[in-house]
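Across the two complexes that follow, subunit A remains constant while its partner is subunit B and subsequently subunit C.
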Partner chain A sequence: MKGRVAPAVFLGIPTLFLAALFVLPLLSMLVLSVWRTENYHIIRDVSFHNYAVLATEGAYMTFLMRSLVMATAVSAICTLIAWPVAYGITLYGGRYKLLFTLAFAVPFLTGEVLRIIALQGLLGPLGLLNGVLLALGAAPLRVIMYTNVASAIGLVYLYLPIVVTVIYLSLLNFDQRLIDAATIFGASPARAFFEITWPLNLFGTLIGFALCFIPCLSATLAPRFLGGPNGTLYGMAMAQQFGESGTWALGAAMGVVLFAVSVLLVVVAARLVDLRRTGFTGFGRG
Partner chain B sequence: MAYIHLDGVSRQYGSVWAVDRVNMAIEKHEFVSLLGPSGSGKTTLLRIIAGLERPTQGRVLIDGEDVTELPPHKRGVAMVFQEFLLFPHRTVYENLAFPLRMLKLPKGEIEARVEWVVGILALRGLETRYPNQLSGGQQQRVALGRGLVGRPKVLLLDEPLANLDRELRQEMEVEIRKHQTGLGIPFVYVTHNQEEALSMSDRIAVVRGGRIEDFASRADIYDRPKTAFIAQFVGRSSRFEAIVAGGDRRLALRGDGILIEAESQPGLALGERVAAYVKNEKVRLKPAEPGGADAPNALPATVRHVILRGAYAEYVLGWSGGELIASRPRSEAEFAEGAAVTAFWNAADVDLFPVSEPGR
Partner chain C sequence: MTKSKHSSSGAAVPSAASVSRRTVLKTLAAGSATAFAAPYIRPASAAPTQLRALMWEVYAVPDIVGAFEEKHKIKFSPTFFDGNSEAYNKLRVGGTRDFDLVQADGFWPSLYFREKLIRTIDYARIPNTGKVYPVFKPDRFKLLTDPATGGHFGVTWCWGSYGTTYNTAEVPKEKVESIEVLFDPAFAGRLSTSARFEENIALTGILAATRMGTKDKPRPDGKPFNPYVLTDEELAEIEKLLIQQKSLLLTRYQDNTTLQQLLESGAIVAAPEFAQVYRVLVQKKLKGEIATDFAHQLVPKEGGLGWVDTWLVTSGVTDPAALDICHDFMNTFLAPENIKKISLIAGASATIDLRPISTPEEQQLYLMDRTEELSSMYMFDQPSSTEKWERVWSRVQAA
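The block that comes next holds the complex of A and B.
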């Protein structure tokens, strides 16, 4: 009895959860994307018109490409910063490890909007940074005033804590004594890192990367408040369809495209990476 | 000049000296065990030889070279860890090839050497498996293979058999010793298990509180313990407290209801308190004879329990001063529980130590 009910319950609940929160909304998006919106009304005749618009009007492609580049750059920067930070904490955190971990969650206690606006106050033309530069008699830094660089800084700032936390958790589960084993058998510290530490934390690193990459693709706030005229990102454009322009069906189509791109990237990543070699421990014995 | 030299090596953690002024000289073909209770500093000493830990004081010399300042990857030593520490993301083959790749050997040479280890350790057919697809015994063999494959200057083993069951352990003991003899390199083997140390070692260093209590041949350690600690820790024995009562060639000792005779020892004065140890297998038994009391080294006792251990029977005996154990071959006459017996032993089999602190 117990042998059948327990798995049914423990696998059933997440399945329902996924169905309710993920599959159903996705299906409704799919349906909406093949309808039309006119004057804030939904017209239910099926066509692929929205997808044709996305494919032919160059702006959408530009936004998507820009978003992909932006998400890649931001995720790479976050990963590069997060690694030494997380590694430093595992090595030298001592009994303050838990405190550090919790500290990374503190920024989340304020909302995303607040944090972005605060950053605007730092980076903008009248912001703290340029204010100090001006006061010192220097020229203001133009690259951080309403540019894609400013957007990138904002996104790094937003998602760095997540990436650090994920990589930190991965390193926490990593058996440091394997490094001892590697050095005993002739690996220099650098070699041991690339032979042992990096591959065994690759799974965690990829999760951290993805948890930054995916929201960056659909980011709306950072480009809106920090990006300039050339800073429109795909997610921001998509949000506009549901807001100001009222072209919901087109927005839904954009969402479907975004989802497809994300899935494609995950599939490609999964094909390139052999999970067994990434420190993924979910295989168990056998 | 010995092959490995530890010269006044100490390691301090906070206020604790985990390793305390250790001097050792290990020869090139020797199998040496570091035997001691948990927390006595064995692992720390091994890690100092490996270079994973820096000694607070002292020097480490391997093959005539002072390696004290050398990091582990430049020492040419290898290690087998208690927890195996195989690389989980690498196959058996890749684990075995790792030390060879670090040595930058040509591919053909690597293949040949891995092939050699796979052969001698019976790992054939497992080369493409990952460590989590192996049994404990197989993981142990891979760990040992990874230690041997690079032909290190010395192989350090830290309780490598502690996680294996008894049968497998005895099998591996034979195998490990065989490979040490075959390779002709020193093995330094850490264990808290006296049977392992006794079965494999040429010499045993008994470690206690970070210090080497004695470093001698296994026969000496077992048969002629230098300290009360060794007498207690190595082998199984019964302990009696007594006072030196006289005698010159042979010492007479008087305890609570017991008269002990032992071979004379220098430095024991009349009236001094001593602890006398008699190993279980040195205690013999005969049926109790009426009126035969008061002979030295003979105790009237009652059999309380009989524990069968295969070829041996362990008799737990009660006597007026407490309990005493006799371990006898099953081929001898057997005694039933409740039987009245006389336990007796030879004066030569009594190990005497002055009792410095009470309760020791």
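The block that comes next holds the complex of A and C.
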């Protein structure tokens, strides 16, 4: 009896949780996406009009492409920065490893809005960087004021701690003795890294990349506060449908498309990567 | 259903265990139901215990609200919104049951009334309405009167325009007298506009219709020109203008603090706004905190956008005692000493004549002698088709 109850409880509760808070809202979005709005009124005529608008109006495709490029660039930058940081903590952190890792979580003690507004102050015309430049008699750096570069800086700032933490956890579980074995048998440090450390931590790296990529794809706050007139991303355009323009049905269709694109990208990544060769240990011993 | 061993032995005497369990479950269920329902259940005869308002955050002045709470032994519970459409959405999805009072501007009160989201009120119970400037009296300001019954459904309390605040050393006055200044390549990279799509399209609509010569010609709907009711040709021209304007903008500001920083730092030299930032900058100049001089063009020569903020009572207020509280709240809000305090905090011009209790500087800064200019402005309104406007705005953002 106990053997049957435990799995039911431990798997049943998360399943119920997912069904109630994820599947049902997603289904409601799906239903809303096939209705339409007319001057803040929902008209319950079933059609694929909103999807046709998304397919034929180039603007929404532009937003999606901008978001894909932004998410890819930000995730790549985060991964590039996170790897040496996490590796450094693992190798040289000593007894302060945990402290270093926790330090990366400090920004999460404040809200995302607060962090973005603080960054807006830092990068803005009266911010620290431009304030120093102006005080020195130099021209302000316009490239960091309300541009896609500023949005990217904001997104890297927001998601870097997550990527560092994930890669650090992967490295923490990595058996460093494999490196010793490789070097004993004559491998250079670079070769040992690229043939052992990197491939065996690829799964952790991919998880870190994905945990940065997916939220970047739907980012709203960073482009809104830091991006300029050319900085509208897909998430920001989608939020507008649920805000002032009141075109909820089109917004729901945008949400469904974003979900589909995200799932598609995960499927493609899963097919391209052989999990058994990436340090993934979730298949069990059998 | 199988019976337990205990129940079969004495059906008339339920077991202690089953009674106890059921009783506990029933008690828990009843208790939970009562706890959940309690806030929504109130006997009609009971005195209201709270006043729930859907409003802009800046106007919730703590000491005015606190004094009102003390007077009526009532809790004032505000919920804040950003734009009219957000408040409208909230009311439409059952908000009339959740709120007693709501704020709105422009034509939105009429829309709320048509859709039965708000109810009529009694000006006789709000004596401070008699202190408004002539331009806001019901005989001239008709947006808060039901044409069919003559009933009133809101009170005005502050007003403004979407004029242009500019750095006087950088922008010549003759240029800022026209909306064209916001599209002038001479100020490339040193302009900013609000992120609100309605005002961007409507203001550009006035310019587009002026350029096209359609503003003063008969309109398809037979009514006078309204920048919120535009033809497809005008919308196409607006889209073109807004796309051209993008390269001239440093950013579209999200809030007044950002706009203030942009103007103060010299990063931009002109921006359309509600004159709130202009007033902050002028006060800073008077205190010697900044050296730059700023001015505000209230209405451009092509015509400008204007707004009047109002308090409305939702249709969910049916209890006479609750309506009395709403009337008294609006009257308290409109009391000259209170509305002056709110006006100074929010940087907005009041509809109540505050000249007898204001300094000459305040009278000038808060446009107390210029209320008549409101009659020449186009009031904030609902776009004729939010769907069409959304497409235009999306194309502008994507271009």
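Keep in mind that, in the parts below, the second predicted complex is superposed on the first by the 286 of 286 C-alpha atoms of A that agree within 3 Å, B and C clash if a C-alpha of one lies under 4 Å from a C-alpha of the other, contacts with A are read in each partner's own complex, and residues count from 1 in each chain.
Here, a contact is a pair of C-beta atoms (placed from the backbone, for glycine too) under 8 Å apart; a residue touches a chain by one contact, two chains touch by 3 or more.
Every value quoted in this text rests on a predicted model; they were computed, and no experiment measured them.
**Student:** Where does A:Y159 make contact in the superposed view: on subunit B (first), on subunit C (second), on both, or on neither?
**Tutor:** Once the two structures are laid over each other on A, A:Y159 reaches no partner at all.
**Student:** In the overlay, work out which of subunit B or subunit C sits against more residues of subunit A.
**Tutor:** Of subunit B and subunit C, C contacts more residues of subunit A.
**Student:** Between subunit B and subunit C, whom does A:W83 touch in the aligned arrangement: first, second, both, or neither?
**Tutor:** Neither subunit B nor subunit C is touched by A:W83.
**Student:** In the superposed arrangement, which partner chain does A:A181 touch: subunit B (first), subunit C (second), both, or neither?
**Tutor:** first
**Student:** Quick check on the superposed pair: does A:Y168 touch subunit B, subunit C, both, or neither? Answer first, second, both or neither.
**Tutor:** After superposing on A, A:Y168 lies clear of both subunit B and subunit C.
**Student:** A:L200 in the overlay: touching subunit B, subunit C, both, or neither? Say first, second, both or neither.
**Tutor:** Only subunit B; A:L200 stays clear of subunit C.
**Student:** Do any residues of subunit A touch both subunit B and subunit C, and if so, which are they?
**Tutor:** The answer is that subunit A has no such residue.
**Student:** In their shared complex, at which residues does subunit A touch subunit B?
**Tutor:** For this pair, the touching residues of subunit A are 175, 177-178, 180-189, 191, 195-196, 199-200, 276-279, 281, 283-286.
**Student:** Under the definition above, what is the set of subunit C residues touching subunit A in their complex?
**Tutor:** 82-83, 85-86, 88-89, 92, 189, 195-198, 246, 249-252, 254, 258, 261-262, 264-267, 382-383, 385-387, 389-391, 393-395, 397-398
**Student:** So in the complex, which bits of subunit A are touching subunit C?
**Tutor:** By the definition above, subunit A touches subunit C via 37-40, 53, 57-60, 62-63, 120, 124-126, 130, 134, 140, 142, 145-146, 224-225, 228-230, 232, 237, 240-241, 243-247, 250.
**Student:** Considering only the defined contacts, which subunit B positions touch subunit A in the complex?
**Tutor:** Going through subunit B, the ones touching subunit A are 50, 52, 71-73, 76-79, 81, 83, 85, 87-90, 98-99, 102-103, 130, 132-133, 146, 150.
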